Structure formats: C-alpha cells, structure tokens
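Labels run A, B, C and D following the written order; every chain starts at residue 1.
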Amino acid sequence: MNLALDIFTVSAVSAGALFFLAGTVGLLRFPDSLTRLHALTKVDNLGLGLVVLGLLPQTNGLFGALKLVSIWLLVQLSGAIVTQLIAGTVRRRGSNG
Amino acid sequence: MISFLLGAAGFVLMTVALALVVILRRPAEVDHMMAAQLLGTGGGAILLLLATATETPPIVDVALLLALFASFAAVAFVRSAPGQESEV
Amino acid sequence: MTIFAVFDIGLVVLILGIAVSTIAARDAFAAVIGFVVYGLLLSIAWVRLAAVDVALTEAAIGGGMTGMLMLGAVARLRFAGGNDISISLPVRFATAVLCALVAAGLAIAVLSPPDAIPTLAPMVMENLAQSGLGNPVAGVLFVYRALDTLLEKVVLILALLGVWSLAPDSVWGGIPGLRVYARRSSTLTFLAQLLPPVGIVVAIYMCWVGAKEPGGAFQGGTVLAAMWLLVMIAGLKRVPSIGQPWLRPLLVVGPVIFLAIGLAGMVLANAFLAYPPGYAKPLIVAVEVALTLSIGVALGLLAAGPLEQAQQQ
Amino acid sequence: MEVSSVMNSSEEQGRPAEPPVTGTGILGSAISRAAGFFAFWLALTDANSGDLAAGLAAAVAATWASLRLMPAEQWNLNPVKLARFTLHFLRQSIVAGTDVALRALDPRLSLRPGYVVYQAQLPPGTKRNAFCAVMSLLPGTLPCGSAEGNGLTIHCLDVAAPVVEQLAAEEALFLRTFGGAQRND
C-alpha cells in the first residue's frame, strides 16, 4: 500500500516537473509575448497541479491535503485573472510590447 | 522519498531559474511582468516539495503567502507599467 | 555533496544573479521587477535557513509591499519627468563606493563570526512554556523584547506621518494620491472581488497562528494592507481621506492597547510591559489582533502615498 | 453605488437590469460563502478544535467583505451539474496544458497565433468575468479585453482551429450550469 502511494507520488511529481520544463521551453521558443503567456499560465498551472496531486498521499490527514489543494486553487484562480490583465496590456501596445 | 522530493524541488528551481533568465533578458516590459506569476507557480511548487521533504508544515504557509503576494505584485506591475497613464 | 547542498548552491547562484541584474538594470521599472523577484526568491532561502517566520515576512514585505512602494516612486518619477535627469559620474561613483562599503562590512561580519556565538536561545526555549506560547519568535517579540516590538510599531506610524507631511498645506486632511488602474477593467474588478475575502481569512490565520507557529501580526497586517490596496487600485472602493473618523483610531489601536497593557503591567506584574502570571497568552493574542489592524491600515496608507487632493465634501 | 461606477461606458450600455435578489437569496449566498470560507479556515488550521472560534470570526469577516465587494446574485446552482462542469473543466485544463507543452516541445513549433473576436451571450458582469477566467484556462485561448458590441477579443495559439465554435459550446455548458443571465435589452 505504502509502496503504491510512493510510486504514485513519484510519477505525479515527475510529470509535474516535466511540465515546468516544458513551460520554460515554451518561454524560450515561442515567438511573441502573448504566446509566451499561454505557455506560462497553462503549462505551469498544470505542473503545480500535478505536484500537489503527487504530494497528497504524503500529507497527514484530509485537511492537510485540502490545504494543498486550496493553495493550488488560489494560484490557478489568480493566475487565470492576472494573465488576462497582462494580455490586455500586450494587446493595447502591439504584440512586440 | 526525501531525496526524490528534494531532487524534484531542485529540478523545478532550475526550470524557474532558466525561465527567469529568459524573461528578464527580453527587452519587452510585458515579458518582465510575467516574472511574479512564474514565482507564484514555480516557487509554490518548490516550497510545497520542501515542506513535504523536510516534514515542516509551516513551510506550506510560506507557499500560501507567496501565491497571494505574487498575484498582488503582478497587478501592481500591470498598473504601473510605463505608458499606462497616457491611455486614460 | 548532499542533495541539500546542491539545491542551496543553485538557489544562492540564482539569487546572486537576480541581484546583479537588478543593480545593472538601466530602467527603473525593470529594476523594481528584479527587486520583487529577488524578495520572493529570498523567502525560499529563509525557508532553507529554517527561519520560516522571516520567510513569511520576506514574501509579504519584500515581495509585495516594498515592490508596491517602489513602483509608486517609479511612477511618480516618470510623471515628474525624473527619468530624464542624468546623474553625474561622481554621484554614481560615490553611491557605488558607499554600497560596496556596506556590503563589505556585512560580508566581514557574516564571514568571521566569533568562536562561541553568543546566544540566549536555550534560555528562551527553557522559559517559553511560562508564557503559554508555542512559537519562540513570538515569545521573544512579545515577552523578552516587547519594548522593541512596541517601538517598531510606533516607528511605522512616524513613517506614515513623514509621508503625509510631504503634502502641501492646502490638501491637509485630504486624499492620498494612490494611482488607481488607468482603465476601468472588469477583469481587475473581478480579482478585487474574489481575492480580498480569501486574503482576510489568510490574514486572520496568520495573526492567530502566530502564537504557536510561525506567523504573527506583521505578516497578517501586510496581507490586509495588500488586499485593501487591491480593492482601491481596482476602483471598487475610494481611497479614504485621512480625515475619516474611523481611520485614525484604527491606525493607533494596536500601539495604544500594547501601551495600555504595558502600563497595567507596572501595577499588576511590577514591571512595564510585564504580563501578570497566567494571563500572558490571552493578552499577547489581544495585542496581536489590534496590531494586525493597525499595521494593515498603516502599510496601506504608506503605499497610497502623500496627500494630493483636498477632501471632497 | 461604487461598484457600478467601475464599469466603463460601453459596458454600462450592455449591462442589463439585474434580476432582483430576494432577501432569502442574499441570506442563501451569505451562508454558502461563509461555509466556503470556514472550510478554507479548517484546511489552514488542520481543523484544530482550539482554533474554531477564531475561524468563525474569520468566516464572518470574509463574508462581510465578500458581500460588500460582490453583491449577491442569482446563481441557480445544481450540485450534479456543478460536479459535471468541474470535471469537464479539469479535463479541459489538462488538455490545455498538454497542448501547449507539446507545441513547445515540437521541433516544428506549430503555431498560428492571432486574434479572434467572440460574441459572448453573457452580458458584462460577474458571470462573464468568471467565464473569461475559465476561458483563459481552456486549450489555446486567452481573453485579452472587450471588443465591439458584446465581443471579447481572444488570443489563440492556432487561428485555423474552430475557436469560435468551441467557445460557443463552452459558453452553452457554462450557461446550463450556472443559470443563464440572458440579455434582456
């Protein structure tokens, strides 16, 4: 049982870390600010989500797990809104900023 | 398990560092504004991994504040970006 | 080399790199962003140094509030055409020398510690139980160094008075010149509707948990200030004039209650700022709650800046 | 009073008369928000029994602020529909992250970025803001401001994809889940 949970943690956290890497590659390769914003929001949010998912079995108790999930929700929600603000700034100035 | 979580934290730190270098070296100011958001997600992931690896639950609170203030900082950046006041 | 060491070295290299790029940035806006990133990264470094209390403060003050203050200064400079002022070479040189001296002094102090580091930590841990607190940092702040903590809060109010006194007489009692978001944005409004209630819960949690675990009035107050500023920037609530009847009592309630409990201690516990036995924890929690409110209002008004408009009737 | 002044002029014209919210409606949303904040407090404090009183105070303070900042609205929530929407949204945001990640790692870098104007059914207001937040986590779309009429300017990673049709389907699902605030002007 413990081993199964550990395997779950290792695979989910690894997947999350890979998404962070992919997000960075996107920031490096994408041609303009707005496409880079896509990379930052969607990929990194998924990365954090997978890391949180992987850490859930390692927390003590239901509420510890809930705390991690609520941090992820907070990041996801504010990230979704802040990204639109930055995107609006980019659009008003033209894509090259 | 502990060394795996630490390794993962180190890996995420490396990707965040690379992304910061990429973002802050670009000339466009809007790219710089993404830095705070990057630390909200990446820094949050690093702290949560550290909290579990070192079994120190209060570190989770640091991640919480980091998330809150990263988005606050991003709003402040957008608000005070140069050229904003000319568009009222 | 352990995996901890690899992580720490990577973190330090990154922080140094960000610090250098902040110093080297030619543009003030880019430099402030570098500084905020530096503050957020530093909070991870404090976590690695097992100073979670400091990490919380750094994330709140270094990452959020100082950045906000400096962005205000940058915007003000730009408005006044300050970006065009060229600084002469001797001034730059003198600044660089002064900064280098400070850095060198700090480096010497850190790199050559005395053989036996003087510490009172074991004594604090031995006697912490008497106060009923679980967090040694709160114990030091409110039991052993209570006077420092009290004065620190008074300094915050003095700083605010300093900012207010920059205003011309004609607008005294008026409204701070916080620049609200230039275009009314429903996106920002939405964030300012959703985030502050969550922030209030976090602020009360920070203040409450400070008695037994890392946290406290300063972290909680900073969260409150940030949420208040967010609501004002989005234009959901107006920036209040400093003549508002509710504002000044909130500003001083923390230090006043702290002082009152301190004076009562002279009668009940035979010393200024001493707590009667058995009542230490509830009294400290009461002080922390009042301080959270006062710090929140003071930091919010500090970031809102000097007065610019006369009070509207 | 202060809330309505936030909307800019073009948004104000498109803003329909809010359906009147009854006293029980306000009470209902106050209770559900307070329950949410209290649950958040329980998560923060690990449901420690010594912290419950402070948690009640926190929930009351947060609910008060929340009602002042965002007045109660009619959200016809049905738990089953809500759960279905949440699952759909989670699946879509995983698809979105994977989509961008694969594009970033693809050696050919298959991107056709550009803007699309989407005519939203939702009038400006809280529900549309919530839908915009959902949109920014959907695959390939990122709202970046309002356009002519009731339009939203959307930045897409691939303009050749049927973005408008996808968004219309998402909005229809959103409307079915959260109750349709139809335009009544």
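Methods note: a residue touches a chain if its C-beta (ideal position, glycine included) is under 8 Å from a C-beta of that chain, and two chains touch if they have at least 3 such contacts.
Everything numeric here is computed off the predicted structure, so don't read it as measured data.
Chemist: Which chain, with its centre taken as the mean C-alpha position, is closest to the global C-alpha centre?
Modeler: Answer for the innermost chain: B.
Chemist: Higher C-beta contact count, A-C or C-D?
Modeler: Spelling it out, more C-beta pairs touch across C-D than across the other pair.
Chemist: Rounded to a whole Å, what is the gap between the Cα centroids of chain B and chain D?
Modeler: 24
Chemist: Averaged over CA atoms, how far is the centre of chain A from the centre of chain C? Could you give it in whole Å?
Modeler: Chain centres of chain A and chain C, defined by C-alpha means, are spaced 28 Å apart.
Chemist: Between chain C and chain D, what's the gap in Å when you average each chain's C-alpha atoms?
Modeler: 32
Chemist: Just curious, how far off is chain B from chain A if you go by their C-alpha centres, in Å?
Modeler: About 11 Å, centre to centre.
Chemist: Could you check chain D for residues that touch two or more other chains and list them?
Modeler: 40, 44-46, 132-133, in rising order.
Chemist: Can you pull out the residues of chain A that are in contact with at least two other chains?
Modeler: Residue numbers touching two or more other chains: 23, 37, 41, 45, 47, 64, 67, 74, 77-78, 81-85, 88, 90, 92.
Chemist: Counting only residues that touch at least 2 other chains, which ones in chain C make the list?
Modeler: In chain C, 183, 187-188, 190-191, 194-195, 198, 202, 209 touch at least two other chains.
Chemist: Where on chain D does chain A make contact in their complex?
Modeler: 39-40, 42-47, 93-94, 96-105, 109, 111, 113, 115, 132-134, 136-137, 139-140, 142-145, 153, 155, 157
Chemist: Chain D touches which residues of chain A in the complex?
Modeler: Touch residues, chain A against chain D: 19, 22-23, 25-26, 29-32, 34-35, 37-39, 41-43, 45-47, 49, 61, 63-64, 66-67, 69-70, 76-77, 80-81, 83-84, 87-88, 90-92.
Chemist: In their complex, what parts of chain B are in touch with chain C?
Modeler: Touching chain C: residues 3, 6-7, 9-10, 13-14, 16-17, 20-21, 24, 29, 32-33, 35-36, 39, 43, 46-47, 50, 56, 58-59, 61-62, 64-66, 68-73, 75-82, 84-85, 87-88 of chain B.
Chemist: Which bits of chain A are touching chain B when the two form their complex?
Modeler: Where chain A meets chain B, its residues are 6, 9-10, 13-14, 16-17, 20-21, 23-24, 27-28, 33, 36-37, 40-41, 44-45, 47-48, 51-52, 55, 58-59, 64, 67-68, 71, 74-75, 78-79, 81-83, 85-86, 89-90, 92-93, 96-97.
Chemist: Note which residues of chain C are touching chain B in the complex, please.
Modeler: Going through chain C, the ones touching chain B are 3-4, 6-7, 10-11, 14, 17-18, 21, 29-30, 33-34, 36-37, 40-41, 43-44, 47-48, 50, 52, 55-56, 59-60, 63-64, 67-68, 71-72, 74-75, 78-79, 179-183, 188, 191, 195, 198-199, 202, 206, 209, 213-215, 219, 223, 226, 229-230, 233.
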